[in-house]
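One structure below.
The chains carry the letters A, B and C, assigned in the order they are written, with residues numbered from 1 in each.
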Amino acid sequence: MAQTTTLKKEAAGVRVHKLSIILSKGTLDMAYPAFMLASAAAAMGTEVHVFFTFWGLSVINKKKESKLKVAPVGNPALSVPNILGVIPGMTAMTTSMMRGKIKGMKLRAIPELIHDAHEMGVHIHACSTTMDMMGVRQEDLIPEVDDIVGAATFLQLSEDGQTIFV
Amino acid sequence: MAQTTTLKKEAAGVRVHKLSIILSKGTLDMAYPAFMLASAAAAMGTEVHVFFTFWGLSVINKKKESKLKVAPVGNPALSVPNILGVIPGMTAMTTSMMRGKIKGMKLRAIPELIHDAHEMGVHIHACSTTMDMMGVRQEDLIPEVDDIVGAATFLQLSEDGQTIFV
Amino acid sequence: MAQTTTLKKEAAGVRVHKLSIILSKGTLDMAYPAFMLASAAAAMGTEVHVFFTFWGLSVINKKKESKLKVAPVGNPALSVPNILGVIPGMTAMTTSMMRGKIKGMKLRAIPELIHDAHEMGVHIHACSTTMDMMGVRQEDLIPEVDDIVGAATFLQLSEDGQTIFV
(Lines give C-alpha, C1' and ligand atoms only; values in the text may rest on other atoms or scores of the structure.)
Protein backbone atom coordinates (compact mmCIF):
# COMPACT_ATOMS: atom_id res chain seq x y z
CA MET A 1 0.00 0.00 0.00
CA ALA A 2 2.68 2.43 1.05
CA GLN A 3 4.56 1.59 -2.11
CA THR A 4 1.54 2.27 -4.28
CA THR A 5 1.06 5.66 -2.63
CA THR A 6 4.67 6.62 -3.24
CA LEU A 7 4.47 5.63 -6.88
CA LYS A 8 1.18 7.45 -7.31
CA LYS A 9 2.80 10.59 -5.95
CA GLU A 10 5.65 10.20 -8.38
CA ALA A 11 3.27 9.94 -11.27
CA ALA A 12 1.30 12.91 -9.95
CA GLY A 13 4.59 14.77 -9.53
CA VAL A 14 4.78 15.07 -13.31
CA ARG A 15 2.22 17.93 -13.08
CA VAL A 16 3.45 21.34 -14.23
CA HIS A 17 5.74 22.37 -11.46
CA LYS A 18 7.99 24.21 -13.87
CA LEU A 19 7.33 26.83 -16.55
CA SER A 20 10.02 27.99 -18.96
CA ILE A 21 9.53 30.99 -21.21
CA ILE A 22 11.76 31.78 -24.19
CA LEU A 23 11.37 35.50 -24.86
CA SER A 24 12.57 36.26 -28.40
CA LYS A 25 10.74 39.56 -28.96
CA GLY A 26 11.86 43.01 -27.83
CA THR A 27 8.52 44.80 -27.79
CA LEU A 28 6.42 46.04 -24.89
CA ASP A 29 3.38 44.07 -26.07
CA MET A 30 5.24 40.75 -25.95
CA ALA A 31 7.30 41.41 -22.78
CA TYR A 32 4.03 41.96 -20.87
CA PRO A 33 2.33 38.61 -21.50
CA ALA A 34 5.65 36.84 -20.81
CA PHE A 35 6.07 38.50 -17.41
CA MET A 36 2.41 38.36 -16.49
CA LEU A 37 2.59 34.57 -16.96
CA ALA A 38 5.97 34.32 -15.19
CA SER A 39 4.73 36.27 -12.15
CA ALA A 40 1.41 34.42 -11.95
CA ALA A 41 3.20 31.06 -12.14
CA ALA A 42 5.81 32.05 -9.53
CA ALA A 43 3.03 33.21 -7.19
CA MET A 44 1.52 29.72 -7.50
CA GLY A 45 4.79 28.13 -6.37
CA THR A 46 5.88 27.07 -9.85
CA GLU A 47 9.59 27.06 -10.72
CA VAL A 48 9.94 29.64 -13.51
CA HIS A 49 12.77 30.22 -15.98
CA VAL A 50 12.85 33.05 -18.53
CA PHE A 51 15.42 32.74 -21.32
CA PHE A 52 16.06 35.97 -23.22
CA THR A 53 17.22 35.48 -26.80
CA PHE A 54 17.36 37.51 -30.05
CA TRP A 55 15.29 40.73 -29.77
CA GLY A 56 14.31 39.65 -26.27
CA LEU A 57 17.78 40.66 -25.09
CA SER A 58 16.57 44.29 -25.32
CA VAL A 59 14.23 43.59 -22.43
CA ILE A 60 17.15 42.90 -20.05
CA ASN A 61 19.46 45.55 -21.54
CA LYS A 62 20.04 48.37 -19.02
CA LYS A 63 19.81 51.06 -21.68
CA LYS A 64 16.80 49.60 -23.45
CA GLU A 65 14.52 47.93 -20.91
CA SER A 66 12.66 51.12 -19.98
CA LYS A 67 12.34 52.18 -23.63
CA LEU A 68 10.56 49.14 -25.08
CA LYS A 69 8.04 50.03 -27.76
CA VAL A 70 4.90 48.79 -29.41
CA ALA A 71 5.12 48.64 -33.19
CA PRO A 72 2.28 50.46 -35.00
CA VAL A 73 3.21 49.04 -38.43
CA GLY A 74 2.85 45.43 -39.35
CA ASN A 75 0.29 45.02 -36.61
CA PRO A 76 -3.17 45.29 -38.17
CA ALA A 77 -4.83 44.48 -34.84
CA LEU A 78 -3.84 47.95 -33.70
CA SER A 79 -6.06 49.65 -36.29
CA VAL A 80 -3.38 52.16 -37.29
CA PRO A 81 -3.20 52.45 -41.10
CA ASN A 82 0.30 51.47 -42.28
CA ILE A 83 0.79 54.82 -43.98
CA LEU A 84 0.34 56.51 -40.59
CA GLY A 85 2.49 53.91 -38.89
CA VAL A 86 5.55 55.02 -40.78
CA ILE A 87 5.19 58.70 -40.00
CA PRO A 88 7.98 59.52 -37.54
CA GLY A 89 6.58 59.70 -34.04
CA MET A 90 3.83 57.12 -34.54
CA THR A 91 5.75 54.36 -32.77
CA ALA A 92 6.25 56.80 -29.91
CA MET A 93 2.55 57.73 -29.93
CA THR A 94 1.31 54.13 -29.99
CA THR A 95 3.81 53.22 -27.27
CA SER A 96 2.80 56.17 -25.14
CA MET A 97 -0.92 55.28 -25.56
CA MET A 98 -0.15 51.77 -24.30
CA ARG A 99 2.02 53.04 -21.47
CA GLY A 100 -0.78 55.45 -20.50
CA LYS A 101 -3.27 52.60 -20.27
CA ILE A 102 -0.83 50.49 -18.27
CA LYS A 103 -0.19 53.38 -15.88
CA GLY A 104 -3.92 54.09 -15.60
CA MET A 105 -4.44 50.46 -14.59
CA LYS A 106 -1.65 50.70 -12.04
CA LEU A 107 0.12 47.79 -13.74
CA ARG A 108 3.83 47.74 -13.03
CA ALA A 109 6.29 48.95 -15.70
CA ILE A 110 8.51 46.25 -17.28
CA PRO A 111 11.68 46.98 -15.23
CA GLU A 112 9.62 46.75 -12.01
CA LEU A 113 7.83 43.60 -13.22
CA ILE A 114 11.19 41.92 -13.91
CA HIS A 115 12.57 43.07 -10.57
CA ASP A 116 9.57 41.79 -8.63
CA ALA A 117 9.43 38.53 -10.60
CA HIS A 118 13.11 37.96 -9.82
CA GLU A 119 12.49 38.64 -6.11
CA MET A 120 9.72 36.01 -6.28
CA GLY A 121 12.28 33.51 -7.53
CA VAL A 122 11.87 33.71 -11.31
CA HIS A 123 15.21 32.74 -12.89
CA ILE A 124 16.51 35.15 -15.53
CA HIS A 125 18.83 33.67 -18.19
CA ALA A 126 20.50 35.51 -21.09
CA CYS A 127 21.29 33.54 -24.28
CA SER A 128 25.06 33.48 -24.86
CA THR A 129 24.92 32.79 -28.61
CA THR A 130 22.63 35.68 -29.49
CA MET A 131 24.46 38.07 -27.13
CA ASP A 132 27.50 37.63 -29.37
CA MET A 133 25.35 38.04 -32.49
CA MET A 134 23.66 41.20 -31.22
CA GLY A 135 26.84 42.68 -29.75
CA VAL A 136 25.44 42.68 -26.20
CA ARG A 137 28.05 42.50 -23.43
CA GLN A 138 27.64 41.18 -19.89
CA GLU A 139 27.93 44.72 -18.45
CA ASP A 140 24.96 45.83 -20.59
CA LEU A 141 22.60 43.49 -18.71
CA ILE A 142 20.40 44.42 -15.76
CA PRO A 143 21.50 43.02 -12.36
CA GLU A 144 18.52 40.63 -12.22
CA VAL A 145 20.18 38.38 -14.84
CA ASP A 146 21.22 35.18 -13.03
CA ASP A 147 23.44 33.73 -15.71
CA ILE A 148 24.41 33.66 -19.37
CA VAL A 149 23.76 30.23 -20.85
CA GLY A 150 23.53 28.44 -24.20
CA ALA A 151 20.54 26.64 -25.70
CA ALA A 152 21.67 23.23 -24.39
CA THR A 153 21.75 24.42 -20.77
CA PHE A 154 18.36 26.04 -21.19
CA LEU A 155 16.89 22.81 -22.58
CA GLN A 156 18.20 20.94 -19.54
CA LEU A 157 16.77 23.54 -17.15
CA SER A 158 13.38 23.35 -18.83
CA GLU A 159 13.14 19.55 -18.83
CA ASP A 160 10.08 18.01 -17.19
CA GLY A 161 8.11 21.25 -17.42
CA GLN A 162 6.13 23.31 -19.88
CA THR A 163 8.01 25.57 -22.29
CA ILE A 164 6.48 28.43 -24.22
CA PHE A 165 8.10 30.55 -26.92
CA VAL A 166 7.12 34.22 -27.01
CA MET B 1 -0.06 -7.75 -11.58
CA ALA B 2 -3.29 -5.78 -11.41
CA GLN B 3 -1.51 -3.16 -9.37
CA THR B 4 1.30 -2.85 -11.90
CA THR B 5 -1.21 -2.40 -14.70
CA THR B 6 -2.99 0.36 -12.84
CA LEU B 7 0.23 2.19 -12.17
CA LYS B 8 1.34 1.78 -15.74
CA LYS B 9 -1.90 3.32 -16.88
CA GLU B 10 -1.35 6.24 -14.54
CA ALA B 11 2.11 6.83 -15.94
CA ALA B 12 0.75 6.48 -19.46
CA GLY B 13 -2.04 8.89 -18.53
CA VAL B 14 0.51 11.70 -18.60
CA ARG B 15 0.28 11.63 -22.43
CA VAL B 16 -1.02 14.81 -24.06
CA HIS B 17 -4.67 14.71 -23.20
CA LYS B 18 -4.81 18.47 -22.95
CA LEU B 19 -3.68 21.29 -25.25
CA SER B 20 -3.74 24.94 -24.20
CA ILE B 21 -3.18 27.74 -26.67
CA ILE B 22 -2.45 31.32 -25.66
CA LEU B 23 -3.43 33.50 -28.62
CA SER B 24 -1.74 36.90 -28.28
CA LYS B 25 -1.91 38.02 -31.92
CA GLY B 26 -4.85 39.63 -33.70
CA THR B 27 -4.02 38.76 -37.29
CA LEU B 28 -5.69 36.35 -39.67
CA ASP B 29 -2.42 34.51 -40.31
CA MET B 30 -1.94 33.69 -36.61
CA ALA B 31 -5.61 33.01 -35.75
CA TYR B 32 -5.63 30.28 -38.42
CA PRO B 33 -2.81 28.06 -37.14
CA ALA B 34 -4.18 28.44 -33.60
CA PHE B 35 -7.65 27.24 -34.58
CA MET B 36 -6.45 24.60 -37.01
CA LEU B 37 -4.49 23.06 -34.12
CA ALA B 38 -7.37 23.54 -31.66
CA SER B 39 -9.87 21.86 -33.99
CA ALA B 40 -7.54 19.00 -34.92
CA ALA B 41 -6.78 18.34 -31.24
CA ALA B 42 -10.46 18.47 -30.23
CA ALA B 43 -11.33 16.03 -33.03
CA MET B 44 -8.79 13.63 -31.52
CA GLY B 45 -10.53 13.79 -28.15
CA THR B 46 -8.02 16.15 -26.56
CA GLU B 47 -9.23 18.70 -23.98
CA VAL B 48 -8.50 22.08 -25.56
CA HIS B 49 -8.33 25.55 -23.99
CA VAL B 50 -7.74 28.76 -25.94
CA PHE B 51 -6.83 31.83 -23.90
CA PHE B 52 -7.19 35.13 -25.78
CA THR B 53 -4.91 37.88 -24.56
CA PHE B 54 -3.49 41.18 -25.86
CA TRP B 55 -4.10 41.58 -29.63
CA GLY B 56 -5.71 38.14 -29.60
CA LEU B 57 -8.77 39.73 -27.98
CA SER B 58 -9.65 41.11 -31.44
CA VAL B 59 -10.30 37.57 -32.59
CA ILE B 60 -13.20 37.17 -30.13
CA ASN B 61 -14.43 40.76 -30.45
CA LYS B 62 -17.86 40.84 -32.15
CA LYS B 63 -16.99 43.91 -34.21
CA LYS B 64 -13.52 42.74 -35.18
CA GLU B 65 -13.51 38.96 -35.61
CA SER B 66 -14.70 39.00 -39.21
CA LYS B 67 -12.32 41.84 -40.13
CA LEU B 68 -9.00 40.30 -39.10
CA LYS B 69 -6.15 41.21 -41.41
CA VAL B 70 -2.80 40.00 -42.65
CA ALA B 71 -0.03 42.57 -42.34
CA PRO B 72 1.89 43.18 -45.58
CA VAL B 73 4.62 45.26 -43.84
CA GLY B 74 7.08 43.80 -41.41
CA ASN B 75 6.52 40.40 -42.96
CA PRO B 76 9.28 39.76 -45.50
CA ALA B 77 8.03 36.23 -46.12
CA LEU B 78 5.13 37.78 -47.98
CA SER B 79 7.38 39.23 -50.71
CA VAL B 80 5.66 42.62 -50.63
CA PRO B 81 8.26 45.41 -50.66
CA ASN B 82 7.85 47.55 -47.52
CA ILE B 83 7.34 50.70 -49.57
CA LEU B 84 4.30 49.08 -51.21
CA GLY B 85 3.13 47.71 -47.89
CA VAL B 86 2.50 51.18 -46.52
CA ILE B 87 0.45 52.39 -49.45
CA PRO B 88 -3.13 52.65 -48.17
CA GLY B 89 -5.10 49.64 -49.32
CA MET B 90 -2.21 47.18 -49.35
CA THR B 91 -3.21 45.57 -46.05
CA ALA B 92 -6.67 45.19 -47.55
CA MET B 93 -5.24 43.73 -50.75
CA THR B 94 -2.97 41.23 -48.99
CA THR B 95 -5.80 40.26 -46.67
CA SER B 96 -8.20 39.83 -49.54
CA MET B 97 -5.66 37.68 -51.44
CA MET B 98 -5.38 35.42 -48.39
CA ARG B 99 -9.15 35.33 -47.89
CA GLY B 100 -9.52 34.46 -51.56
CA LYS B 101 -7.19 31.50 -51.21
CA ILE B 102 -8.92 30.37 -48.04
CA LYS B 103 -12.30 30.60 -49.76
CA GLY B 104 -10.97 28.82 -52.83
CA MET B 105 -9.88 25.97 -50.56
CA LYS B 106 -13.26 25.89 -48.89
CA LEU B 107 -11.59 26.42 -45.51
CA ARG B 108 -13.91 27.91 -42.94
CA ALA B 109 -13.71 31.63 -42.06
CA ILE B 110 -12.45 32.47 -38.55
CA PRO B 111 -15.88 33.15 -36.95
CA GLU B 112 -17.12 29.79 -38.27
CA LEU B 113 -13.92 28.01 -37.17
CA ILE B 114 -14.34 29.38 -33.63
CA HIS B 115 -18.02 28.47 -33.58
CA ASP B 116 -17.38 24.91 -34.75
CA ALA B 117 -14.39 24.47 -32.44
CA HIS B 118 -16.56 25.60 -29.53
CA GLU B 119 -19.28 23.14 -30.53
CA MET B 120 -16.61 20.42 -30.50
CA GLY B 121 -15.83 21.31 -26.90
CA VAL B 122 -12.91 23.74 -27.25
CA HIS B 123 -12.97 26.07 -24.22
CA ILE B 124 -12.74 29.78 -25.02
CA HIS B 125 -11.27 32.02 -22.31
CA ALA B 126 -10.78 35.81 -22.43
CA CYS B 127 -7.92 37.35 -20.40
CA SER B 128 -9.34 39.70 -17.76
CA THR B 129 -6.18 41.79 -17.27
CA THR B 130 -5.69 42.66 -20.92
CA MET B 131 -9.43 43.27 -21.46
CA ASP B 132 -9.07 46.17 -19.02
CA MET B 133 -5.89 47.34 -20.72
CA MET B 134 -7.42 47.22 -24.20
CA GLY B 135 -10.76 48.70 -23.13
CA VAL B 136 -12.69 45.56 -24.16
CA ARG B 137 -15.95 44.99 -22.30
CA GLN B 138 -17.78 41.71 -21.69
CA GLU B 139 -20.58 42.72 -24.10
CA ASP B 140 -18.02 43.17 -26.90
CA LEU B 141 -17.19 39.47 -26.85
CA ILE B 142 -18.68 36.79 -29.10
CA PRO B 143 -21.12 34.36 -27.39
CA GLU B 144 -18.67 31.46 -27.69
CA VAL B 145 -16.54 32.92 -24.87
CA ASP B 146 -16.96 30.62 -21.88
CA ASP B 147 -15.43 32.83 -19.23
CA ILE B 148 -13.17 35.77 -18.45
CA VAL B 149 -10.21 34.65 -16.36
CA GLY B 150 -6.80 35.83 -15.15
CA ALA B 151 -3.39 34.32 -15.87
CA ALA B 152 -3.38 32.28 -12.63
CA THR B 153 -6.65 30.52 -13.52
CA PHE B 154 -5.37 29.83 -17.02
CA LEU B 155 -2.15 28.32 -15.65
CA GLN B 156 -4.23 26.02 -13.45
CA LEU B 157 -6.45 24.99 -16.37
CA SER B 158 -3.42 24.22 -18.53
CA GLU B 159 -1.60 22.12 -15.92
CA ASP B 160 -0.58 18.60 -16.93
CA GLY B 161 -0.90 19.40 -20.64
CA GLN B 162 0.99 21.07 -23.44
CA THR B 163 0.81 24.85 -23.75
CA ILE B 164 1.71 26.81 -26.84
CA PHE B 165 1.95 30.59 -27.21
CA VAL B 166 0.85 32.02 -30.56
CA MET C 1 12.08 -4.09 -5.67
CA ALA C 2 12.67 -4.78 -9.32
CA GLN C 3 9.09 -3.84 -10.01
CA THR C 4 9.44 -0.53 -8.17
CA THR C 5 12.53 0.29 -10.18
CA THR C 6 10.77 -0.40 -13.45
CA LEU C 7 7.84 1.76 -12.49
CA LYS C 8 10.11 4.55 -11.33
CA LYS C 9 11.83 4.47 -14.68
CA GLU C 10 8.49 4.70 -16.42
CA ALA C 11 7.54 7.75 -14.39
CA ALA C 12 10.97 9.24 -15.00
CA GLY C 13 10.56 8.42 -18.69
CA VAL C 14 8.03 11.24 -18.91
CA ARG C 15 11.00 13.66 -18.92
CA VAL C 16 11.44 15.70 -22.09
CA HIS C 17 12.70 13.13 -24.51
CA LYS C 18 10.88 14.82 -27.37
CA LEU C 19 10.76 18.42 -28.59
CA SER C 20 8.37 19.57 -31.30
CA ILE C 21 8.67 22.98 -32.92
CA ILE C 22 5.93 24.54 -35.04
CA LEU C 23 7.64 27.14 -37.25
CA SER C 24 5.01 29.56 -38.56
CA LYS C 25 7.30 32.50 -39.42
CA GLY C 26 9.34 32.97 -42.58
CA THR C 27 11.98 35.37 -41.30
CA LEU C 28 15.67 34.83 -40.65
CA ASP C 29 15.35 36.04 -37.06
CA MET C 30 12.74 33.39 -36.21
CA ALA C 31 14.24 30.51 -38.25
CA TYR C 32 17.45 30.88 -36.21
CA PRO C 33 16.10 30.37 -32.69
CA ALA C 34 13.98 27.46 -33.97
CA PHE C 35 16.98 25.66 -35.47
CA MET C 36 19.37 26.57 -32.67
CA LEU C 37 16.94 24.86 -30.27
CA ALA C 38 16.34 21.94 -32.63
CA SER C 39 20.08 21.29 -33.08
CA ALA C 40 20.89 21.67 -29.39
CA ALA C 41 18.09 19.27 -28.46
CA ALA C 42 19.11 16.72 -31.10
CA ALA C 43 22.72 16.86 -29.86
CA MET C 44 21.40 15.96 -26.39
CA GLY C 45 19.70 12.85 -27.77
CA THR C 46 16.21 14.34 -27.80
CA GLU C 47 13.76 13.29 -30.52
CA VAL C 48 13.04 16.49 -32.47
CA HIS C 49 10.23 17.32 -34.90
CA VAL C 50 9.94 20.59 -36.81
CA PHE C 51 6.59 21.31 -38.45
CA PHE C 52 6.67 24.07 -41.08
CA THR C 53 3.38 25.90 -41.53
CA PHE C 54 2.17 29.24 -42.93
CA TRP C 55 5.09 31.64 -43.56
CA GLY C 56 7.42 28.98 -42.17
CA LEU C 57 7.02 27.10 -45.46
CA SER C 58 9.39 29.69 -47.00
CA VAL C 59 12.16 28.25 -44.84
CA ILE C 60 11.96 24.86 -46.60
CA ASN C 61 11.21 26.28 -50.05
CA LYS C 62 14.14 25.65 -52.42
CA LYS C 63 13.86 29.08 -54.01
CA LYS C 64 13.38 30.98 -50.76
CA GLU C 65 15.39 29.30 -48.00
CA SER C 66 18.64 31.11 -48.78
CA LYS C 67 16.86 34.45 -49.19
CA LEU C 68 15.12 34.73 -45.81
CA LYS C 69 15.01 38.27 -44.49
CA VAL C 70 14.80 40.25 -41.29
CA ALA C 71 12.03 42.85 -41.28
CA PRO C 72 13.20 46.36 -40.33
CA VAL C 73 9.62 47.71 -40.02
CA GLY C 74 7.26 46.66 -37.32
CA ASN C 75 10.20 45.63 -35.18
CA PRO C 76 10.99 48.49 -32.78
CA ALA C 77 13.67 46.39 -31.05
CA LEU C 78 15.80 46.89 -34.14
CA SER C 79 16.06 50.65 -33.60
CA VAL C 80 15.33 51.45 -37.25
CA PRO C 81 12.80 54.30 -37.51
CA ASN C 82 9.71 53.10 -39.39
CA ILE C 83 10.06 55.84 -41.99
CA LEU C 84 13.52 54.46 -42.87
CA GLY C 85 12.25 50.91 -42.72
CA VAL C 86 9.98 51.44 -45.71
CA ILE C 87 12.65 52.95 -47.95
CA PRO C 88 13.38 50.31 -50.61
CA GLY C 89 16.58 48.51 -49.73
CA MET C 90 16.25 48.79 -45.95
CA THR C 91 15.02 45.20 -45.54
CA ALA C 92 18.04 44.18 -47.61
CA MET C 93 20.35 46.33 -45.50
CA THR C 94 19.04 45.04 -42.17
CA THR C 95 19.17 41.48 -43.45
CA SER C 96 22.68 41.92 -44.73
CA MET C 97 23.77 43.41 -41.38
CA MET C 98 22.41 40.35 -39.62
CA ARG C 99 23.94 37.96 -42.15
CA GLY C 100 27.27 39.77 -41.71
CA LYS C 101 27.15 39.24 -37.94
CA ILE C 102 26.17 35.61 -38.36
CA LYS C 103 29.03 35.06 -40.82
CA GLY C 104 31.46 36.92 -38.54
CA MET C 105 30.48 34.53 -35.75
CA LYS C 106 30.99 31.54 -38.03
CA LEU C 107 27.40 30.47 -37.35
CA ARG C 108 26.00 28.28 -40.08
CA ALA C 109 23.58 29.73 -42.67
CA ILE C 110 19.97 28.47 -42.49
CA PRO C 111 20.19 25.94 -45.38
CA GLU C 112 23.29 24.41 -43.75
CA LEU C 113 21.69 24.47 -40.29
CA ILE C 114 18.66 22.58 -41.63
CA HIS C 115 20.86 20.13 -43.51
CA ASP C 116 23.00 19.40 -40.45
CA ALA C 117 20.00 19.21 -38.12
CA HIS C 118 18.41 16.70 -40.48
CA GLU C 119 21.62 14.64 -40.54
CA MET C 120 21.48 14.64 -36.73
CA GLY C 121 18.04 13.09 -36.92
CA VAL C 122 15.74 16.13 -36.68
CA HIS C 123 12.48 15.28 -38.46
CA ILE C 124 11.29 17.86 -41.00
CA HIS C 125 7.53 17.98 -41.67
CA ALA C 126 5.67 20.29 -44.08
CA CYS C 127 2.06 21.23 -43.29
CA SER C 128 -0.25 19.93 -46.01
CA THR C 129 -3.14 22.37 -45.37
CA THR C 130 -1.07 25.53 -45.60
CA MET C 131 0.92 24.23 -48.61
CA ASP C 132 -2.37 24.28 -50.50
CA MET C 133 -3.23 27.72 -49.12
CA MET C 134 0.17 29.19 -50.03
CA GLY C 135 0.37 27.46 -53.41
CA VAL C 136 3.50 25.50 -52.44
CA ARG C 137 4.01 22.23 -54.32
CA GLN C 138 5.95 19.16 -53.20
CA GLU C 139 8.67 19.80 -55.81
CA ASP C 140 9.27 23.27 -54.32
CA LEU C 141 10.49 21.74 -51.06
CA ILE C 142 14.11 21.07 -50.09
CA PRO C 143 15.15 17.38 -50.04
CA GLU C 144 15.46 17.37 -46.23
CA VAL C 145 11.65 17.37 -45.89
CA ASP C 146 10.69 13.94 -44.54
CA ASP C 147 6.97 14.14 -45.16
CA ILE C 148 3.93 16.33 -45.75
CA VAL C 149 1.41 15.91 -42.96
CA GLY C 150 -1.70 17.52 -41.51
CA ALA C 151 -2.20 19.03 -38.06
CA ALA C 152 -3.67 15.81 -36.63
CA THR C 153 -0.60 13.76 -37.57
CA PHE C 154 1.65 16.42 -36.12
CA LEU C 155 -0.28 16.43 -32.85
CA GLN C 156 0.15 12.66 -32.63
CA LEU C 157 3.89 12.91 -33.35
CA SER C 158 4.34 15.57 -30.67
CA GLU C 159 2.45 13.70 -27.96
CA ASP C 160 4.27 13.10 -24.66
CA GLY C 161 6.82 15.81 -25.41
CA GLN C 162 7.21 19.56 -25.26
CA THR C 163 5.82 21.64 -28.14
CA ILE C 164 6.76 25.21 -28.88
CA PHE C 165 5.23 27.54 -31.45
CA VAL C 166 7.61 29.93 -33.19
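Quick note on the criterion: a contact is a pair of C-beta atoms (placed from the backbone, for glycine too) under 8 Å apart; a residue touches a chain by one contact, two chains touch by 3 or more.
Quick caveat, the model's predicted, so the values are computed rather than measured.
Counting only chains that touch, the fewest steps needed to get from chain A to chain C is 1. In summary, the pair chain B and chain C forms a contact in which the copies contribute largely different residue numbers, shared numbers making up under half of all those used. Rounded to whole angstrom units, the spacing between the C-alpha centres of chain B and chain C is 20.
In chain B, the residues that touch at least two other chains are 7, 11, 14, 71, 73-75, 85-86, 162, 164-165. Chain B meets chain C in the complex at residues 4, 7-8, 11, 14-16, 19, 29-30, 32-33, 36-37, 39-41, 43-44, 46, 71, 73-78, 81-83, 85-86, 98, 101-102, 105, 107, 162, 164-166. Interface residues of chain C, counted against chain B in their complex, comprise 3, 7, 10-11, 13-14, 22, 24-27, 53-55, 58, 64, 68-75, 85-88, 90-91, 95, 129-130, 132-135, 150-152, 155-156, 158-160, 162-165.
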